[in-house]
Amino acid sequence: MPASITPSLTVRVLLFASYADALGAESVSLTLPSPATLATVVEHLRALPGGEQLPAKPLCARNLAHAAADEPVAAGDEIAILPPLAGG
Amino acid sequence: MPASITPSLTVRVLLFASYADALGAESVSLTLPSPATLATVVEHLRALPGGEQLPAKPLCARNLAHAAADEPVAAGDEIAILPPLAGG
Amino acid sequence: MGFVTAEPIELAPLIAAVQAPERGGVASFLGLVRNHHGGRAVLRLEYSAYAPMAEAECARIVAEAEGRWQVSVALRHRVGSLAVGDVAVAAAAASAHREAAFAACRYVIEEVKRRVPIWKREFHADGTEVWVDPTATLQHA
Amino acid sequence: MGFVTAEPIELAPLIAAVQAPERGGVASFLGLVRNHHGGRAVLRLEYSAYAPMAEAECARIVAEAEGRWQVSVALRHRVGSLAVGDVAVAAAAASAHREAAFAACRYVIEEVKRRVPIWKREFHADGTEVWVDPTATLQHA
């Protein structure tokens, strides 16, 4: 494999409530260097227009479960970044 | 007042559930020496036929409230002797 | 309406009685007749009360709960013949804070069991019947 | 049926779903839309959810409660537009023991608030609106 090609990974990220408002979208597609973690996803999201309104360490979910920022992400994962929960 | 006459007090005592069964009555009228306490009431009740089935220190109520055995009783009081409570 | 009733108890009217626009949490409890007790199959229960004292004691318990927490409380206890599954007692407590609602509801139920002069006669599947005595722990083994 | 619903929530069917002849105690909780929040008059709320995760998280919470206590648990959370007094969340826990019923009901409600991905937009009487952020404690002063 030629050394000049960095492996990359495309993931779809779901956004909700105030974060969807901030980025003006309910989902975004991100191309990340591989390997990547949820922290990488957040970092790339925060570089998008409006993304600076997201905190550095938001709640994250992967495949319908809460997930820590250092969890790796893989192609096909359902990733979501969650504003402060307000159920109940 | 002649020394030979002991002051006395007549009270009506309500009985419930297993205690009513034991004494075969839902209320009894007792003539007690005066002054008397709820303990006196219990003592006299236990001397009646069937009264030996009552414990020496049952729950007592006076005028619709729980009352300790050493509370005095007066004519006109509503006295009740309560089997173990089983509400709920 | 009194706290002690011979009519079937519904929870919804109790909740409706305590809820208000500023009270966002309603905790409630239903005590139902179970089909077993002390290892025996129960067919039905007969609840009886020292009615005027039971009313007074329930009123005191509700007042205590409403004094101790910022809650509104509703309480009913049934008397008469109850079948398995029937509601024997119901309590509801509404508050702006769910902690207070839970605490008050729990307090009311515990105090009802501890203080309200109500008794029950248990009719068993084997034809026997007995006055229930919660203090006789051996029979509950 | 799912845990998250756009239909009005009734408590009675939840209680009916958990009660059984051997379970004599049913603790339940209703969370209602309040008419105020953070010092402002609230007209209505719009609840939204990350629905598939909310379903999965509710199922996990119910399974945890049923694993930790001897209880049967029912849970519903509403989404969509709610008016003051509407039921936002309801939980019921039935057990042979009232302590377990209360503990499980309380656990479920606390965990729902802590873990289920649901958000609410608050519409105020003064025409303003805001996403509710329970972590922004200053606004709740």
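A, B, C and D are the chain letters, set down in written order, and residue numbers restart from 1 in every chain.
The criterion applied here is as follows: contacts are C-beta pairs under 8 Å (C-beta built on N, C-alpha and C of every residue); 3 or more make two chains touch, one makes a residue touch a chain.
All values reported here derive from a predicted model rather than from experimental measurement.
Work out the mean Cα position per chain and let me know which chain is farthest from chain C.
That would be chain A.
From the C-alpha centre of chain A to that of chain B, how far is it in Å?
Here chain A and chain B have centroids separated by 76 Å.
Where the centres are mean C-alpha positions, what is the separation of chain A from chain C, in Å?
The computed centroid separation for chain A versus chain C comes out at 51 Å.
Compute the distance, rounded to whole Å, between the mean C-alpha positions of chain C and chain D.
24
In chain A, what residues contact two or more other chains?
none
Among all residues of chain D, which ones touch two or more of the remaining chains?
Where chain D meets two or more other chains at a single residue, that happens at 31, 109.
Judged by the touch rule stated earlier, which pairs of chains are there in contact?
A-D, B-C, C-D
Sort out for me which residues of chain D touch chain A in the complex.
Going through chain D, the ones touching chain A are 31, 47-50, 52-54, 56-57, 77, 88-89, 109, 112-121, 131-136.
For the complex, which residues does chain D have touching chain C?
Touching chain C from chain D are residues 11-12, 15, 19, 21-36, 84-85, 96, 98, 101-102, 105-106, 109.
Going by the contact rule at the top, pick out the chain B residues touching chain C in the complex.
14, 16-18, 21, 61, 64-66, 80, 82-88
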